[in-house]
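Starting off with a structure, shown below.
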Amino acid sequence: MSGLRLTEGSRGPGASVAVEGAPLTRTQVPYVTGSSVLGMKCADGVVIACDTMASYGSLARFKRLTRMHVASPNCILGVGGDYSDFQQLQTMVDAEMTAQYVANDGLSLSPKAIHAFLARHMYHRRCKVDPLWNSVLVAGFHKGEGTLSLVDLYGTAYSSDVLATGFALHLGLPLLRNAHRPDITVAEAKVVMNDVLKVLFYRDARTNDVVQLATVTAAGVEVGDMVKLDTEWNHKAFVQGARAGDESSW
Amino acid sequence: MLSEGTLGAVWGPSLAVLPTRVPREPGCTASGLGPISTSTSILTGLCFVRAPRARFWFIVSCVYVVGLTGAFGRPPVSGSSLLLCGSGSCRTVLAVAGKDFCVVASDTRLGLGYSIPSRKVSRILKMTDKVVLASSGMQADMMTLHKTLRMRLVKYQQNHQKDMSLTAASQMLSNMLYTRRFFPYYTFNVLGGIDEKGEGWAYGYDAIGSHEKVSAVCSGTGQTLIQPVLDNQIEFKQQWGAPKVDLSLEATVELIRDAFTSAGERDIYTGDYVEICKITKDGVEVEEFQLKFD
Amino acid sequence: MCRGVLSCFCLLDHSQYDLSSTTFSPDGRVFQIEYAQKAVENSGTAVGVSCKDGVVMAVEKVVVSKMLVPGTMRRAHLVDHHSGLVISGLISDGRQLATRARDECSSYKSVYDSAIPGHVLAERLANFAHVYTLYAYVRPFGCAALLGAHDDTNGYQLYLVEPSGVSYRYFGAAVGKGKQAAKTALEKLDFKSLTCREAVKELAKIIVDVHDEAKDKLYELEMCWVCEESKNMSQLVPQDVVDEARKAAEAAQDDDSDMDDDE
């Protein structure tokens, strides 16, 4: 491998790193990142939720950014991971949608097709070892049924009744699983989402307390406003510790 | 045969595809890598591995994750992985052949570190009415492989006006895996079905297409738990002098259920549900049973 | 040299200068471009107006067989959310132009994250067409495009992109077989007060009137607009609206001819 010459210059650890003799590498670290995204499939639609912060390492860099993107009238994406890669994804999805529009053949991409499209693209990029550093929740409503699926930076793609990415994979998913019933309604799920987002805000240091919910139902996509969470810091366990005799809070 | 289990462990002399970055003293540039980032990264290497049975050298490119956090937004952790590794690895798959049938089974857990992002991700591909494939390993690679295989099967059917035979399918799978010899599909496949003579057979593969025709094979994280049992119960290994009897379809399915139940107890990556495909001359019948969700 | 063939051509006027668009004639013309324009003039008429609340384009699509499924091989194309075009001339050359327009739209969008302004798109399309008038190994486009677009700065715009590589902005424009008669009819319209709904009827009337019943019996009427009604999105004018306008125009024409008979 020695003697391999590279053309791209060095722009820090996240960009292309050119070191003589070493092969070219690309994104190895995400920079500005969004944290978790939550999703739940309900009887009458799908709900996804996330906070609105984008961090730069440990710095709370942007505090009012939407991490959702309306892909089509019946499909919305909720995205965690690198924010610039998310914007790249938006551009790409929009271009695809424009191509659909101008074809004017009466066809449109179903949420499932959008999910497959993203999965193929993400997989392609990881095979180039130049991944889009995101995990994407795809929520849609098609032919009377909600769909909820996920794609990550490797191109892993699957569907489930409840999904969570990032930190919420550890802290949120169990809560969502407990709350989920096949007959849960969108209205009920929104309440659950708010609770889970609150738990995440208490414990995930890359999360803020301004959140956004979106629903997809037979009526189409509805993206909610950014809402400030009602937080409560005087829980006994927060103040006194989990067990009697604990010196520090839990 | 190489398997997902063994791959991680065999670190051979490393011909780095991508550099293994380890923290270096400033000024240590002997390797040409220089003092870059102290965050280390992939352990991707081309390892020379001596396959136990086969009489030649396999070169296996293996990719390994260390400490994938699964959460974004953390500062790069020393030792966190780069990219090639499988997220959401799919775990235990097996195929057991009988005289005139074959059973292919797989659990449906999608594991990522200590998390279970999804409990129901199928990794079984019904290739024809007589051939079924199950793949463990990286889910994204598995999906791509299955998609490509499906396309090839349709093309074969249209060109030849018949379904692909078990032997043809097994060879095609090997070829397809080998096309990605130097950037492998991180999948560990087992293929089962009925051949043109009506006999059941199973095939086991490594990630790059090396394969073996056997009567029972298991791949994935449950391999170490299940394979010895299959050896003993199907091939009558270690049962010196015991007469070798062919198991019935029902007995085979029972054995597989027990195997998965047991593996589910000890292997954290195996669980949730098991899909069992019974392949007989009448086609493929799928049944599902639940394992523990823990 | 193949004298036989050449001398044959030499009998004609300007024959030495018309084989390639790389050679001017002594009086400063490029015949290949003029022939390309001829191809447009042989084709079904396309007319467009830029009026009060939008821009509307219509094209007469002569069809070759009764058995054709309506709507195949369109002459009206959408190229982006805010722009569309209709083609007069060779249908396949036109498709090439539409595809290029789409590429230009998406490339502009990807660079500037905003929709391409009409004049930029028109100019880029004209440049594209122009390149095909410069080299011996290509032929000019045998089509002209009426391009309708909307942007916030310039409002509704209508451009005509010609095979020569020019593009002008118009209030009303016509190309194709019946362009003279169509232009005369267009000049009578008041573009400032005309609404798109009215324009659809006017354009239908123009197409119906200039259509040569004796030569091409069958034709489809395709229309495309970008207007307030369509929320400034490019759209094929809804089929029922087109049909109604065409029916009304044909009825009016019948009345006229009846009157003519009476006189």
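Should a chain be cited, it is by its letter among A, B and C, assigned in written order, with residues numbered from 1 in that chain.
Keep this in mind: a residue touches a chain if its C-beta (ideal position, glycine included) is under 8 Å from a C-beta of that chain, and two chains touch if they have at least 3 such contacts.
This structure is a prediction, so every number in the text was calculated from the model and none was measured.
Chemist: Suppose chain centres are the mean of their C-alpha atoms. Which chain sits farthest from chain B?
Modeler: Most remote chain from chain B, centroid-wise, comes out as C.
Chemist: For which chain is the distance between its Cα centroid and the global protein Cα centroid smallest?
Modeler: A
Chemist: Let me have the rounded angstrom distance from the C-alpha centre of chain A over to the C-alpha centre of chain C, please.
Modeler: Distance between chain centres, rounded to whole Å: 46 Å.
Chemist: Taking each chain's centre as its mean C-alpha position, how far apart are chain A and chain B in Å?
Modeler: Distance between chain centres: 29 Å.
Chemist: Any idea how many Å lie between the Cα centroids of chain B and chain C?
Modeler: 59
Chemist: So in the complex, the part of chain A that touches chain B is made up of which residues?
Modeler: 1-2, 13, 17, 19-23, 25, 28-30, 33-36, 55, 57-58, 80-82, 119, 122-123, 126-127, 129, 131, 133, 135, 150, 152-160, 163-167, 169-170, 173, 204, 206
Chemist: Using the touch rule from the top, collect the residues of chain B that touch chain A in their complex.
Modeler: 16-19, 31-34, 36-37, 39, 41, 70-76, 82-88, 110, 112, 115, 117-121, 138-140, 143-144, 183
Chemist: For the complex, which residues does chain C have touching chain A?
Modeler: So the residues of chain C in touch with chain A come to 77-81, 102, 105-106, 109-110, 113, 234, 236.
Chemist: In the complex of these two chains, what residues of chain A are touching chain C?
Modeler: 91, 94-95, 98-99, 101-104
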